[in-house]
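Pasting in a structure now, in C-alpha cells, and then I'll have a few things to ask.
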Amino acid sequence: MKPHSGRLWVNYLALGLATACALFGLGLLFLILYDIVSHGLTSLSISLLTQDPAGPLGRGGLKGAFLGQGLLTLMAALVGVPLGVLGGTYLAEYGRDKKFSKVIISLCDLAMSLPSIVIGIFVYSILVKPLGGFNGWAGSAALAVIMVPLVMRTTESMLSMVPWTLREAALALGSPYYQVIIKIVYRQAASGILTGILLAIARVAGETAPLMFTSFNNNYFELNLNRPMPSVTVSIYQYAGSPFDAWIGQAWAAALMVTVVVLFLNILGRLLVKVKKA
Amino acid sequence: MSHEPAEAELKDLITIEELCFFFGDNQVLKNINMPIRDKSITSLIGPSGCGKTTLLRCFNRMHDLYPNNHYEGRIRMENRNILDKGQDLIWLRSRLGMVFQKPTPFPMSIYDNIAYGLKLKKITNRSIVRDLVEKALRQANLWTEVKDRLKESALGLSGGQQQRLSIARSLAVNPLVLLFDEATSALDPISSAKIEEMMVELKKDVTMVVVTHNMQQAARISDYTALMYLGSLVEYGETNDIFTRPKMKMTEQYVAGHFG
Amino acid sequence: MNLKKLPNSIFYFLTFLSAVGLVVLTVGLVVTLAVESRPAFQRFGFFRFLLSTDWNYTDQIYGALRPLTGTVLATLGAAVLAVPVALGISVFLTELCPHKLKSPIAVAIELLAAIPSIIYGLWGLFVLAPFVETYIQPFFSGTLGGLPWAGGFFQVRLAGGLNLLTASMVLAVMILPFVASLAREGFDQVPEVLKESAYGLGATRWETILAVVWPTAQKAVVGGIIMATGRALGETMAVAYVIGNRHGALDSIFSPYVTITSVIANEFNEAGPIQMSALFALTLALFLANLLVLSLARYLMRQK
C-alpha cells in the first residue's frame, strides 16, 4: 500500500469522470449524426432533387427549394465576399493601427455573434416591409449581412499575419500600395482568406431563421428574386411541422443533404489551410 | 526528516548504468555510465542537442508524461532502479525536485506556492507548514525579500525572485536531489549570481544536477562535470580536471570554446 | 502625376467604404429595431411591457416577461447540462487523450458545431422529444414529483414532450461542441512547463489540473463558456419546435413555454401591427442580452 494511495484514488476517480463525460458527449454528438444519416437515407430518393412539391400523399420533391437555396446563397456570396474582403483589407492595411479600425473590429465581433433571427427581422423591416412583400433579394441580403463580418474578420486576421517587411520590400521596388496588396499580400494570404470565405458560405448555406421573414418560401420553382423564393431550410421547417409522414420524410432527407453540403464545405476549408501549411 | 551529516568521502547517491533513451526509433542517449555524488553539484555541459536536458529529465521520469519514448539501462538510487516499470513516480518526483529554465510560479500566493508540495504530502499542521515555508524561503535566499508579502500573488515577483521561489518550492518537500534545467539562463547577471551563491550554500543539504550552457558557471559552482556530445558521455570527472587537465581531445576543444 | 495615384485612391476608397458599410449596417440595425419597437413601448410603457406576463391576441396586449424568462431559463438550463460534459471533454482532450486521437477528435467536435440549427431542431422534435416523453418525464414525476413543495415543478401537466426541459436539452446538445472547443482553447494556453513543474513536485494529473491548469486557464475558460452559452440565447430553429410555444404560467419544467425566438419564429409572419412592434421590442431585448453576454465574455477572456 503506497502512502499516497488515497491521492491516486482521487486522481483516477476524477480523470475517469472526465473521460466518462467525454465519451458521453462525443457519443451523443455522433448519435445525432447517426440519426440524421439513418432517417435521411430512409427517405432519400432522386425525386427529392428532380420533382416539384406535391401534396402530402404524392411523391413530390424540393427541386425549387434546392435551386432557390443555391441562388440565395450565391447572391449573398456575390455581395458579401467582396464587401468583406475589401473591408478586411482596409482594417489590416490602410487603416491598420487606427482607432477607427479597432472600433470596426469590435463591431465585427458583435455582428458575428448576433443571433441570425435578429438579422432576419432587421432585413424584413428594411427590404420586405417597404417593398410590400417577401422577396428573394431580402433573403440574399440577410445572408450577406451574416457573411460580411465573418469574411471581414478572417481577411483582416489573415492579412495581418503577412509580415510587414514583405510589403516594405515590394514598396521599395516602387510598386504602388494597391498593387502590393493585390499582387503580393493577397497572394500570400490567399488560402486563409479562401478558407474564411468557404466557412462563411457554409455558415449561411444552412441558415433558416433569416430566411423565414425575408424570402419566406414558395411552393413553385422560382428564379425571380422579386418574388418569394423557396429554400430547403425553410421547407424543412414547414414540412417537419406538418402531420404528414411523406413531408416529414422529405424533411429528414433534405436535412441530410444540407448537413452533407455544410460539412463538405467545412472540411474543404480546413483542407485548404492544411495543404498550405504542408 | 533531516539528512545525515555529510561524510568526508562523497559517496555515490545515484549511479547511471548503460542508460539509453529513445524518442520513437530515434536514440538520443547512448550507453551513459556515470555517478552522481552525494551533497555535491554535478554539471552537465555540451553543445545544443547533445542530450543533457534529456538525461536530466530521465532522473525524475519527466519523459513519462509524453508518448512514444522508452528507457533502457538503469538509474540506481537508494537500492532501487528509478527506471523500473513499477516505479512510483509520485514518490520519485517528490524526492527529486526540478527547476526549469523559465520560472514557474503557480497562480497562487507566495506562501501557497511553497506550501503546495507540503499539502501534497498531507503535511497540514499550520505551524509546521509555516516553519517549513520559512525554512525553504531562507534556503533559497528569498525570505528577507518576501516575508512581509507572503499572501501576495507569486506572479507579482520579479523574474529572479520567481526563479528562487520555484527553487524554494522544490526545497520545501525536502528532496534528495534538485535538478536544474538551465535555471539561470533566462535571468539577468545579478539574479543569476544570487542563485549560484545559493546553490553553493545548498550543497550541505541537497545533491544537485545542473544542465547549463554557460561553461563559466559550470566551472564556478560544480564539483563534478560531465561533457556530452551527440547523446554520448564524452568525459566525466572532477570539474577542476575537466577544465584544466581533460583526458579527451574533444573535451579540451570544447572547454576552450572551439566548438558548440 | 495625379493620374498615377488614381488607382490607389480608388482602391483605398473601396476598402474604406466597405469597412464603413459594416458600421452603417450595425448602427442601422440598432436604429431599425428601436424605431420599430417604439409603438409597443408607447402603447404599453417601457417597464410595463418588460414586466408584464400578458400575451393576449384578442385584446392586443403584449408583455415581454414570459419570453424573457423563457429565454434566460432555457439558456441557463442548457448551460447547466452542457458545461460539465464540455469541461470533461476539454480536460480529456488536453490532459488525457492519446496524442494521435487529439486532433481528429477536436476537428470532429468543431465540425459538429458547424451543423445548422434547423438540423438539431429536427432531431429534437422527432428523436429527443419522444425520448423525454417516454423516459425522462415519468422518471422525474415519479421521483422528484412527489416532493412536498417543489414537487410540482417536476410533474407532467401537458403530455407530448415539447417543453422547457426538452428545449434546454436541445440547446445543450447544440452548444456542447462550442463550449468544449472554447474551453479546450483556454486549457491549451497553459504552458507545458508550468504543468511539468507541478508534476515535478510529485503531483498527480488531477492535482496538477486543480493547482495549475484550472487557475491559469480559469478566466479564458469561463469567458469561452459564457461566449458559447450566449449562442443559446438567440438560437431559434432548435427551440422553435420543442419549447411548445405556449403563453402560460411556467408551473413545471415539463410545461410548454415560450422564448423570445420561439415567439418570433411562430408568430412574426401572422402578427398584427402592435404585436409585430412587440416582437421587434423582443428582438431588441435579445440584441441587448447578446451584447451583454459578449462583452462579459470578452472582458474575461482578455484578462490575464
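Per-chain residue numbering starts at 1, and chain names A, B and C are given in the order in which the chains are listed.
Note that in this section a residue touches a chain if its C-beta (ideal position, glycine included) is under 8 Å from a C-beta of that chain, and two chains touch if they have at least 3 such contacts.
Note that the structure is a prediction, hence the values are computed from the model and not measured.
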Chain pair that, of all pairs, has the most C-beta pairs in contact: A-C
Chain of greatest Cα-centre distance to chain B: A
Per-chain Cα centre nearest the global Cα centre, belonging to chain: C
Gap in Å, rounded to a whole number, between the CA centres of chain C and chain A: 18
Rounded Å distance between chain A and chain B, as computed from the means of their C-alpha atoms: 53
Centroid spacing, where centroids are CA-atom means, of chain B and chain C in whole angstrom: 49
Chain B: positions in contact with at least two other chains: 90-91, 120
Residue numbers of chain A (touch at least two other chains): 7-8
Shared-contact residues (touching 2 or more other chains) in chain C: 204, 207
Chain B partner contacts - residues on chain A that touch it in the complex: 2-4, 7-8
Contact set on chain C toward chain A in their complex: 4-5, 7-8, 11-12, 14-19, 21-23, 25-26, 28-29, 32-33, 36, 84-89, 91-93, 95-97, 105, 107-109, 111-112, 114-123, 125-127, 173, 176-177, 180, 204-207, 209, 227, 230-231, 233-237, 240-241, 261, 264-265, 268-269, 279-280, 283, 286-287, 290-291, 294, 298
For the chain B and chain C complex, residues of the former touching the latter: 60, 62, 65-68, 89-94, 97-98, 100-102, 104, 106-108, 116-117, 120-121, 166, 169-170, 173
Residues on chain B engaged by chain A in the complex (per definition of touch): 88, 90-91, 120, 122
Chain A to chain C touching residues, read off their complex: 7-8, 10-11, 14-15, 17-22, 24-26, 28-29, 32-33, 35-36, 39, 82-84, 86-87, 89-91, 93-95, 101, 103-104, 107-111, 113-119, 121-122, 124-126, 145, 148-149, 152, 176-178, 181-182, 199, 202-203, 205-209, 212-213, 216, 233, 236-237, 240-241, 248, 251-252, 255, 258-259, 262-263, 266-267, 270
